[in-house]
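For reference, chains read A, B, C and D in written order, and residue numbers begin at 1 within each chain.
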Amino acid sequence: MSVVDRPAARRPVAPTAAVALAYGVVLRQLLGRGRIIGLSALALIAPVSGWALGSADASLDDAVNLVAGIGLGLVLPVVALVFAGASIGDLREDKTLVYLWLRPIDRWPVVVGAALAAVTIAAPITIVPVVVAALLTGAGNGIVAGTLVATIVGLVGYVGVFTLFGVWLKRFIVWGLAYILIWEGFIAQAGAGVARVALRKYTRSILVDRTGADLDLADFPLAVGVIVPVVVAVVALAVASWRLGSQDVD
Amino acid sequence: MSGRGDAQIAERGFQRYEGRRSGVAGAVRSVAWESIRSTIGLGRPARYKIFPVIAVVIAYLPAIVFIGIAVLIPGDILEPEEVADYASYYGFIILAIVLFSALVAPEVLVSDRRNGMLAMYLSTPLHRGTYLAAKAIAVASTLGLVTLGPPLLLLVGYTVEGEGPDGIANWLLVLLRIMLAGVAISAPLAALSMAASSLTDRRAFAAIGIVLLILASPILAGALVEGAELSPNWRLLDVSTMPFELVFRIFAQPGNFPELATLPVVLVNVGWVAGGLAVVWWRYSRLVIAR
Amino acid sequence: MQFPGTRALDQLDVVVPSGVTGLVGANGAGKTTLISLTLGLLQPTSGSIRVLGRDPGRDGPELRALIGYGPERNVFPDDLRAYDYVRHLAEVKGLPRDEARSRASDSLYLVGLGEERFRALGTMSTGQRQRVKLAQAIAADPRLIVLDEPTDGLDPVQRDEMLSIIVQVNRSFGIDVVLSSHVLEEVERVCDQVVALSEGTLVAQGTLDELAGSAGGVELELVDIPDRPHSVAEVQRRLVGAGATVRRNGTVLSAGGLTDDELLDLAARAVADSGARLRRLGRHRRSLDDIFAEPVAAAPGQLGDEPPREPPYRSPVGAGGDS
Amino acid sequence: MSELPPPTLATAAVPIEPLTGMLVVDHVSKFFGSVVAVSDVTFAIDEGVTALLGPNGAGKSTLFRMLCGLTPPSRGAVSVLGADPRNDREVRGRISLVPQQDALFDHLSASDFLELAARGHGVVDHAGAAARALHVVDLADVGAKPVGQFSKGMRQRVKVAAALVNDPEVLILDEPLTGLDPVQRRHMIALFHRLGDEGRCVVVSSHVLDEVARIGSRVLVIAQGRLIARGDYRDLRELMDDRAHRIRVGCSDPRRLAAALVERGVAAGVSVDGHQVMVDTLDADAFGRSIADLAVELGVRLTEVHPLDDDLESVFRYLVEGR
């Protein structure tokens, strides 16, 4: 009895189905034990330092500084990099991308599915610990709500950008770290103009807007702070989809 | 045999080797040496030499500077404590040590699993235990390059300048302490970086893991002890400070955390070493080697 | 030999004499397990094994210094030079540094990679890397080399060259070879004797003549020729008429029922009388393929009737090249 | 064998009429920097099985990747079922590729992996298609096991199964036989044969030439990026009329037979060795028709007539020699 006896009836694949397909595969691919344990341990720093700060009843500015520094500046981008970068990056490195590429489906659902998988795994390891950290600082005054919005928007922005890194660059981890530590860490501090091209400025602006604390490099209005990262993410995924269609696949 | 390949047989034919074979000891020695060579980039393209060179420069520069000071400024004007003593020297080169420990173990352990060398090694007189021993020696001695070398250079420089410890007995005591200090720092970092390198098959992740562990643990310990005012013993969790704390105790100095007794500091370091090696052994004994 | 849940080898009695021995068997038949046992990397759950007169379990390290091994996987450290790869592994097998250095170059010359020996492995073709693997196996002057599918991934021209080198390693260097392969024609062409495994049991062992000897009957292949469209049918008719039983498969006729000599004469006469065009004629030989197609439980005369012979240990001094 | 330069064959003449076929490659070249991987290749393939042969590094995999659109040609155009696979989403549903590299989603089970492939192609009954595909490559009993734990042979069969779930019209198989043992290879070849007979265009590359010969006789031979031969390999052998056919003849009186062959003008050269005669003839047809007559006439018993160099492997070696 051969598979070819009854030709397989086929129907065009709906974009949503294609997104779900990519989402399923990438999600299980990212669920590597080592990675999740390692990054969860990293993310623990945020709540622990928040709790430490809280028990020493620090001021609002200290709390916002802590959340912005460790939460939005370290835990969020690094975790987003590892998962969003690997969403397509691992498939390229392992040479399994052909099993999603050589299909009668467009390129963008594959990219979107992969990004969604990255968000699904990164969210609990970024939003939860950072918001809990804000809670533990006990600084109140809307810091928790501000942190929640900032981390969600930040996650969307970072996942979008780093998915593009994973599609385009072979050593996406190194370039991603360079962006986080060097670009956002040093250069963006230099001037307002340059900072405009760093996601960190937008997440900090959201936090400052909700809490009223004063924080350098955080002077965008809430609307800009929320909308720009999302737009950046959409544009990044569009570029990633174009790139996925036009580059060589091993 | 109709095959008329282009394989020419050198007329000399094939010599038999009747000499002595150095057995497992020789195998461990050559694997350790080959790992050291490849980590510091010997016999490899230039780009592999960048990081090791940077690390070594960072590690030895302060020593050279201090010796320079001792040379240029006559002894009487300078009070001894202004010249950095050996124990606090490490404070200057932490970055080099961190950089090196994040670089060495992933290079030495992870690449063998990905490029088929591990399968080859296990078909030689080595087995998993002796292989890991060789790799541990390689990692520790490469780390020794930045943890043992600089203070020794310092000692030699000072001695030549007459600033060194007076009397042979004292000189040997300082030498012994430097050796112990080198081991106190290299052993835990080697064990922990090897553990990280056996948990993931991607070198970049192992390196990130080691760096984050070294950067994160002081923050964690600091938060627990200062923030939450828990007992100072929580400080012992700080994997990147405790080895240096032990160095102070080796040099009979109070160190940064005098409230901690020396014994717990020693024990925690031994604990990190044992724990790291246990993780490595657990992973490698369960590893299925694809022939 | 038992893995958790699977019996990899089952009451295996096999004696591998010196020379080039082919190890054949389906995937999962136990070849790799047998190789691991030989290298002392696995311990038998029951029974005993002796290699080169030593027990792999007890003195594994010493034995592994005397055995060259070429694994099946084609994975290499890309930026290591071929020369360093071979020299290093020779050192790990106990050779002193300068001996390892000279023998590394010699071995790479012997496998035809003299000029390329300082090139990085990553820049080499599959064929060249397979030869580096062989050079590494012979560099430390082993008594025995075990090669797991040495011609995997090679094209026919490269495969010929590799096989001729392997035979030379045995004939002129006096190193015994055990090679496993899935290409049976290769094994038939190169090996002195064959060990065939199936599901962990020994299916057949012996020299090629013993295994692939003639099996009775004659086979002839004709060619359809336009000017005599029914020549094949005519030859078949004549053969049947003369008392032979004939099976036809396209233009190939398999004749039986009579002695080989009678069949050969009948065939020649039938072809001549029908004016057919003969392409191939010969006694029907059982090939390893046939053994593989239907593994015979214990064909008479194949399983060692006589008690397993102690392998003639080729003392390093005495034997020399006796090809 | 005279060292004549390999024959320049019909491909040199550029076909004028537009190429038609399920798979058309029109003056395609591919450069990686200064390296010319594929240089000005033109051919068209229709249904049935076509073997793509060539030494390692000849450009086979690059050509295959261009056929599936995984990489664009630097010059010329590829069209599969009339469309460009790289940009036409719909045609990608009618093509299947078995890639050469051994990469799979190790964490998925075999049936999950096949179901993923089926859904990706929009197969309505994806579970059924996955189950059927598993059955065809006889992996039905290990469908639930994760692919990461499969042996090389099993992984290869999963890859082939994944290429069947969408009932493709064009199947491109890059060395599908590697890692399979003879029995598995036989099943796989029968499968390719059946797929070809069903009107699909199946292109297979492999180095195991005597197995490929069983799949089909139509070959494309590529060397150093150029298409150097195309057509049925037996015709190609006939086209090499400047290269004598070498035939081994065993008989009871080789000397007399050899003399008669030369005297009859059928053999260009003979050499007698023991009971065998090595015959070199430029006219294989004449030889085939007269060898039986001569043997009967002289009363000599023919024990063997065995052509040594008209199998696919010899054709391959002659074409690729020195390239």
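Throughout what follows, a residue touches a chain if its C-beta (ideal position, glycine included) is under 8 Å from a C-beta of that chain, and two chains touch if they have at least 3 such contacts.
Note that the coordinates shown come from a computational prediction; the quantities given were computed from them, not determined experimentally.
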Looking only at C-beta pairs in contact, point me to the busier pair out of A-B and C-D.
-> C-D
Determine the centre-to-centre distance between chain A and chain B, using the mean Cα coordinates as centres, and give it in whole Å.
-> 34
Where the centres are mean C-alpha positions, what is the separation of chain C from chain D, in Å?
-> 24
Separation of the C-alpha centres, chain B versus chain C, in whole Å, is 48
Please set out, as single numbers or ranges, the residues of chain B touching at least two other chains.
-> none
Can you list the residues of chain C that touch 2 or more other chains?
-> 72, 157, 160
Of all residues in chain D, the ones touching two or more other chains = none
How is the touch graph of the chains shaped: line, ring, star, complete or other?
-> ring
The answer for chain D against chain A in the complex is residues 65, 68-71, 85, 87, 89-93, 95-97, 99, 101, 103-105, 107-108, 113, 116-125, 129, 132-133, 135-136, 161-162, 164-167, 191, 194-195, 198
Chain B partner, complex, touching residues on chain C are 32, 35-36, 39, 41, 60-62, 64-65, 67, 69, 71-73, 75-79, 81, 84, 88-89, 91-96, 99, 103, 106, 109-112, 136, 138, 140-141, 148, 157, 160-165, 167-168, 172-175, 189-190, 316
State the interface residues of chain B toward chain C in the complex, per the touch definition above.
-> 1-10, 12-24, 26-27, 30-31, 34, 43-45, 48, 111, 114-117, 119-127, 290-291
Per the touch rule above, chain C residues touching chain D in the complex are 25-29, 72, 125-127, 152-160, 182-185, 223, 225, 261, 264-265, 267-269, 271-272, 275-283, 289, 292-293
Footprint of chain D on chain A - complex, ascending = 1-4, 6-13, 17-18, 21, 24-25, 28-29, 31, 94-96, 98-106, 245, 248-250
